[in-house]
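What follows is a set of notes on a single structure, which appears directly below.
Think of it as A, B, C and D in the order they're written, each chain with its own count starting at 1.
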Amino acid sequence: MSESETVEISGHLMDHGILSRVLDDIREYSGDYTIDRFDVGRETDDTSHAVITVTADDDEGLQRLLMRLQTRGVNMVHPGEAEVAATVTDGVFPDGFYSTTNLETRVRVDGRWLNVGNPEMDCGLILERDPHGTPSRVYTLPMSDVRAGMLVVCGAAGVQVSIPKPDRTAGSFGFMESDVSSEKPQAVLVRQVANGMREAKAAGKKVLWVGGPGVVHTGAAPAMVAMVDAGFVDVLFAGNALATHDIEASLYGTSLGVDLAMGSGVEHGHEHHIRALNTIRKEGSIRAAVESGVLTGGIMHALVTHDKEFVLVGSVRDDGPLPDVHTDVLEGQRAMRAHLTDVGFCLMVATMLHSVATGNILPASIPLVCVDINPATVTKLADRGSSQARGIVTDVGLFLEQLAVELVPEYRRS
Amino acid sequence: MSESETVEISGHLMDHGILSRVLDDIREYSGDYTIDRFDVGRETDDTSHAVITVTADDDEGLQRLLMRLQTRGVNMVHPGEAEVAATVTDGVFPDGFYSTTNLETRVRVDGRWLNVGNPEMDCGLILERDPHGTPSRVYTLPMSDVRAGMLVVCGAAGVQVSIPKPDRTAGSFGFMESDVSSEKPQAVLVRQVANGMREAKAAGKKVLWVGGPGVVHTGAAPAMVAMVDAGFVDVLFAGNALATHDIEASLYGTSLGVDLAMGSGVEHGHEHHIRALNTIRKEGSIRAAVESGVLTGGIMHALVTHDKEFVLVGSVRDDGPLPDVHTDVLEGQRAMRAHLTDVGFCLMVATMLHSVATGNILPASIPLVCVDINPATVTKLADRGSSQARGIVTDVGLFLEQLAVELVPEYRRS
Amino acid sequence: MSESETVEISGHLMDHGILSRVLDDIREYSGDYTIDRFDVGRETDDTSHAVITVTADDDEGLQRLLMRLQTRGVNMVHPGEAEVAATVTDGVFPDGFYSTTNLETRVRVDGRWLNVGNPEMDCGLILERDPHGTPSRVYTLPMSDVRAGMLVVCGAAGVQVSIPKPDRTAGSFGFMESDVSSEKPQAVLVRQVANGMREAKAAGKKVLWVGGPGVVHTGAAPAMVAMVDAGFVDVLFAGNALATHDIEASLYGTSLGVDLAMGSGVEHGHEHHIRALNTIRKEGSIRAAVESGVLTGGIMHALVTHDKEFVLVGSVRDDGPLPDVHTDVLEGQRAMRAHLTDVGFCLMVATMLHSVATGNILPASIPLVCVDINPATVTKLADRGSSQARGIVTDVGLFLEQLAVELVPEYRRS
Amino acid sequence: MSESETVEISGHLMDHGILSRVLDDIREYSGDYTIDRFDVGRETDDTSHAVITVTADDDEGLQRLLMRLQTRGVNMVHPGEAEVAATVTDGVFPDGFYSTTNLETRVRVDGRWLNVGNPEMDCGLILERDPHGTPSRVYTLPMSDVRAGMLVVCGAAGVQVSIPKPDRTAGSFGFMESDVSSEKPQAVLVRQVANGMREAKAAGKKVLWVGGPGVVHTGAAPAMVAMVDAGFVDVLFAGNALATHDIEASLYGTSLGVDLAMGSGVEHGHEHHIRALNTIRKEGSIRAAVESGVLTGGIMHALVTHDKEFVLVGSVRDDGPLPDVHTDVLEGQRAMRAHLTDVGFCLMVATMLHSVATGNILPASIPLVCVDINPATVTKLADRGSSQARGIVTDVGLFLEQLAVELVPEYRRS
């Protein structure tokens, strides 16, 4: 016997292909559908509205399909009340837990809607009640952080999401196309990213950068330093590699053996690399190395000097690592989450690992641009659920150079 | 005033371009050289021998150049005695510490040569003395594991390395060319990898696999299971992704939403993924899930059933992770090192992160083949110092399918 | 003052994202739209139907927008009659000529609908009248072949197109997903391509192959020979390179210096290459070289022996070329067009140039699979308008090996 | 019975790996060798000199090995006299013809050395005698252009080549490293390319550009126009695509549907594309379209206005083509050859097809830089024998933007 539910979705369903994907999802989850109503916007800018009855083989299948559809912004017409179950074991959700999206979410408990403050995909929803038993808060929590006794939302009932409204003001960042391409007029894209950052700053928000070592290898460190100095880098998420290569370049004028002054490269200047790590470990931290005068230039130096934040999270291929690196990846994820507050724009440059990691925890409402010479990085990010990601396939070094020229008038390559 | 040292190198210096790279290194380290003697092998298979005087601006520069040259197999003619210094701080080597290569290494202390048991690149050399003060052991130790009071070799004096002899028997693995190419007769390469594995097993050695989630996505899990069953997978190094996707495929018949039976794909079946993680976390471990009958198929199941070893190390982009995953990357590296004993062949498949991580700790004497559809993975490995790495740019799914047909006669795709 | 027209489209508008693209097109051509009616299929397999009024600034803009929309299968509700104009100059269409799609097309002249026999994109439509002035035929003609005095359809009036119906039978080729991915279970894809070929042969149709030199470099020539022998290659479109490398491999056992027996490669065995070209030129043609016993193996030999057709078209980077190569690219295009009759399946392997060239002239109704290790080839094909193209990003050598095992039971790699 | 010959080579044999490759070649051609003498340069900048006896199974094998070795700059110690044979058939060289390199070459006939004026790889050497029978000229000729009765050099006897001397002046173009890398400080590379062009112009030489449509797609047309205006583009080799997209952008403000002003892209604006072609065909030529005022901007317009040369050669995937396009590829190759005189620098941008085509005919003495976002283009060029090629893997649009800023002080992006 099959189970059904009536769902609805509003927005620019046609021109962004959203409804197609919704129907694809239903088929992929072995469900079936009937479109009950479809009010399509008559004019170009009108929103559409669809009401669909979805059917699955059993209730478990239906619940999972409903959760899947919520990643597209599809809600139940009659959401009802959220069901919760208590966690039995640390780090394990109850069966049938609601798996979150990165969309703005609210949950109905005891007849009241509670907003989820920190939307993040692939988490559980934890319900807190005050001493009187009144629901006081619902928040996302990753699986590894859940503790026995916590109340976790199960099934799709009582949960609603809303998709961000695309900004359609002419010339604004909202107009950037979503497809990945290496055949685009790059100068225009540079300007759009610059505008996105300026808008975030004007709104009192922070600009988050996520970077890989390619930032240093491509000779873009001076450009990035200029942007740190000018206030366009509030937080940096990176790994051991970016920071070490940046520091190595400052200490020895090389980065993994690439001679930045002459443009000639070597295979693997491991000796400089490992010695730079030892030097900073001796100082105790990057900040200590700046304060003791050992580290006098580069990106990390600029961040420390301007009291900007950075979160370095390690990986299994790291040498060293630097003393500032979180070697436990769960600790690292927690540190990254703690720095997402007030972020209004995110730029990812030359790193697949940290871009995906950041995409995993970033709300869909934060504009996100990913720049890489490798199209796969950009594609992967979108495929993982960061549907707001805009990809630019280009050379990272020249892109940052141009971005610095755009953002920092006094920046000129000498 | 400049400092000089006379060094020498033997081997197939010409036909593998080794001497060219040695001279390039000298220039890159701002050194100078005079070739004192060069006995070139007259016949095709003769070895050559070169004696070179290298010069640097000062002793520190000279020491660092000598260390760099050792990564090519270049030794001092008069190595002298190793100098050691005691570590002052946990996790920090003394200034001027000898930075290791992945070549076979010996160290001369108190007039005696001690072999370094576990060559690994970018480490320090720790000297142990017995209660009478007699040197008893020299071993490599990564920077993060050094403790105050340990004796560490400093400078290049007293250290000798030897490059592995290439095996030139016709038809053997040794003949595989070292350059990366996607335009190669792949069927021959499959057979060569199979032969390399058979030779390792025949010599009583272990076969180490390093794998990424692409193994599962490309539908190669059945082929890999067949090779586990047939005894060609002794150890697996991987991340959370390979194991989770493999388990997800067993539990739900999908992997990140790729429907393996029909060949159609979805964007991100996050819901299956996160639920598979929760299921195994509930069981407590992968082995527990196998024993309780929850997990009944796939690669991880085969490894557990055959009592094979696996080391899963986490990364910052992980969901979950599985309970078996080392979330601390330094712990993970230690676990990997502990499984290198008796490895006689290493196959890396579809992972840049774990391939580089394994390349970092693997002695140069272990044959190493890296298979990836992305040429950059293979190139990166060689550039990082794993000069023995042989790269095959091909489709991982079809490659493993062919390898299984080659290694396991009874394996046939149905 | 603006101009309007009412258009309509039927089909699976939602689940293939067609309607989204239609609306995107209107915006890109600076048009505007009102959706007058939208009957969405209620059930999964129902077709939808939309009626839209589109508006442009002037009639020229409207006509061009209407032509653009026809590439999506959008027709005018009231198509009216086709307007024709006579060509004035050889090789030049009249202004405002109708630019064709690759969809099935019919044209209304003097109140009668005439079917266009050979749909091809980016051509003009030529109207022929019989001696009594009655419209007798409408056919596509590329710009370079038009002659003064020919009657050419202008504007979008009187032209209708129809999009191919996707085949939804379970297990058939129609189910292959359209997105490009290197992370797919490749074995399933191999089987689907084999089924597509078998279906075409069963329907009495020809299988067209389009190949690049990678077929030979990857060692897949024996597999392809087996498929020629078994009747699965009716026509081959290629360039000078595939044929020369195949012949070079037969004459010298090498291909651009890749030693196929040992799997080792060289940089550029130009000497073999240029000598193989000279040898065949001396014989006068590939067929002559087969008949004189000079050429005794390989793909070209197999095609000649089985009286299969091939069209080789040259490019500016060719050496030689072989005597069979069309050095004039327009002549080459004509020769390719002449071989499209009765083609029921097209497989493109390892060539961007010839794949795009074939995509340009192939009707949208012919199933088309493109196999390449480079995702860009596959993407480009779809972007150029071959919307039926299915892409497989994989290793060409192993793919053809597997395809031969699937199609030719007696084929086994020795 | 085997045949032997003594050969020699001078130059920087070690630090560029030349000797290694020579010995590899010998093995690949199934030959054997004895190194008779090897005088290695003692100091860093000294040249080395090697004398080697090479052996092959028979004389034909030996001759072919000797020709192969000449591509490395290896000459016979006793070259003897060239042997010539008369061509019997048009377009076919005699058996055993000498296959040329792209190095400077001289040929000894009747006791005198004659310089080959136009070195080009993979050609034959044609000997002309004056009416008295005295050798008057030796020149390269491609296979397709040879005519019956011409005298063609056969075997390696009497032929000598010389490799270009690398320029080692600090800061000059000569210092650019030869390996392909996307991880290089790109700004330095931009400056080096600019210097290479300035040096060529200062020496009274021409700058040759080879370009693909990516130049237009990436929005770099204004930058390239600025460089044409400033005199840094003397000749352009391209295909139908670059010119058509450039003209389309001028006529309609789009390129294959990419809206250059807004940075948003469409799939395939075929309608603009095909209409732009028709417009120019109507005018008769690009120059005619400029003179009639139809074409008023873009790269092609700038070239015509400044009386710069361009050679457009067609390919099988062309639409149209433009009336200026050579549709016969052999005619196209001849037109390209005719424009190589006095070229002193060559920049290849965003095209594999035309880059390889130009590499095929370019003497090794002309500095050559290849810029592409796809590493394979750059690698392929070097593999095909253009050993002087320097590769830059970067974004073409930003690279040309930066190059224009470097070369043309008044050029500023508005």
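The rule we apply is simple: a contact is a pair of C-beta atoms (placed from the backbone, for glycine too) under 8 Å apart; a residue touches a chain by one contact, two chains touch by 3 or more.
The chain list, named the UniProt way, goes like this: A, B, C, D = ornithine cyclodeaminase.
Quick caveat: nothing in here was measured; it's all calculated off a predicted structure.
> Chains shared as neighbours by chain B (ornithine cyclodeaminase) and chain C (ornithine cyclodeaminase)?
A chain counts here if it touches both chain B (ornithine cyclodeaminase) and chain C (ornithine cyclodeaminase), which gives A, D.
> Hey, which chain ends up farthest from chain A (ornithine cyclodeaminase), C-alpha centres compared?
In terms of C-alpha centroids, the chain at the greatest distance from chain A (ornithine cyclodeaminase) is D.
> Any idea whether A-C or A-B has more C-beta pairs in contact?
Answer by contact count: A-B.
> Go ahead and note the Å separation of the Cα centroids belonging to chain A (ornithine cyclodeaminase) and chain B (ornithine cyclodeaminase).
32
> So the centre of each chain is just the mean of its C-alpha atoms; given that, what is the distance between chain A (ornithine cyclodeaminase) and chain C (ornithine cyclodeaminase) in Å?
The mean C-alpha positions of chain A (ornithine cyclodeaminase) and chain C (ornithine cyclodeaminase) differ by 40 Å.
> Would you pick out the residues of chain C (ornithine cyclodeaminase) that each touch at least 2 other chains?
Residue numbers touching two or more other chains: 24, 264.
> Would you mind writing out the residues of chain C (ornithine cyclodeaminase) in touch with chain A (ornithine cyclodeaminase) in their complex?
14-17, 19-20, 23-24, 26-27, 32-35, 38, 40-44, 375
> Mind listing the chain B (ornithine cyclodeaminase) positions that touch chain A (ornithine cyclodeaminase) in their complex?
Residues 21, 24-25, 28, 64, 67-68, 71, 89, 91-93, 95, 97, 99, 121-122, 142-144, 239, 257, 259, 266-271, 273-275, 277-278, 281-282, 313-321, 323, 327-330, 332-333, 336, 353-354, 356-357, 360, 374, 376, 383-385.
> Which part of chain B (ornithine cyclodeaminase) faces chain C (ornithine cyclodeaminase) closely enough to touch in the complex?
175-177, 179, 181-189, 192, 214, 217-219, 256, 258, 260-265, 373, 393-395, 397-399, 401-402, 413
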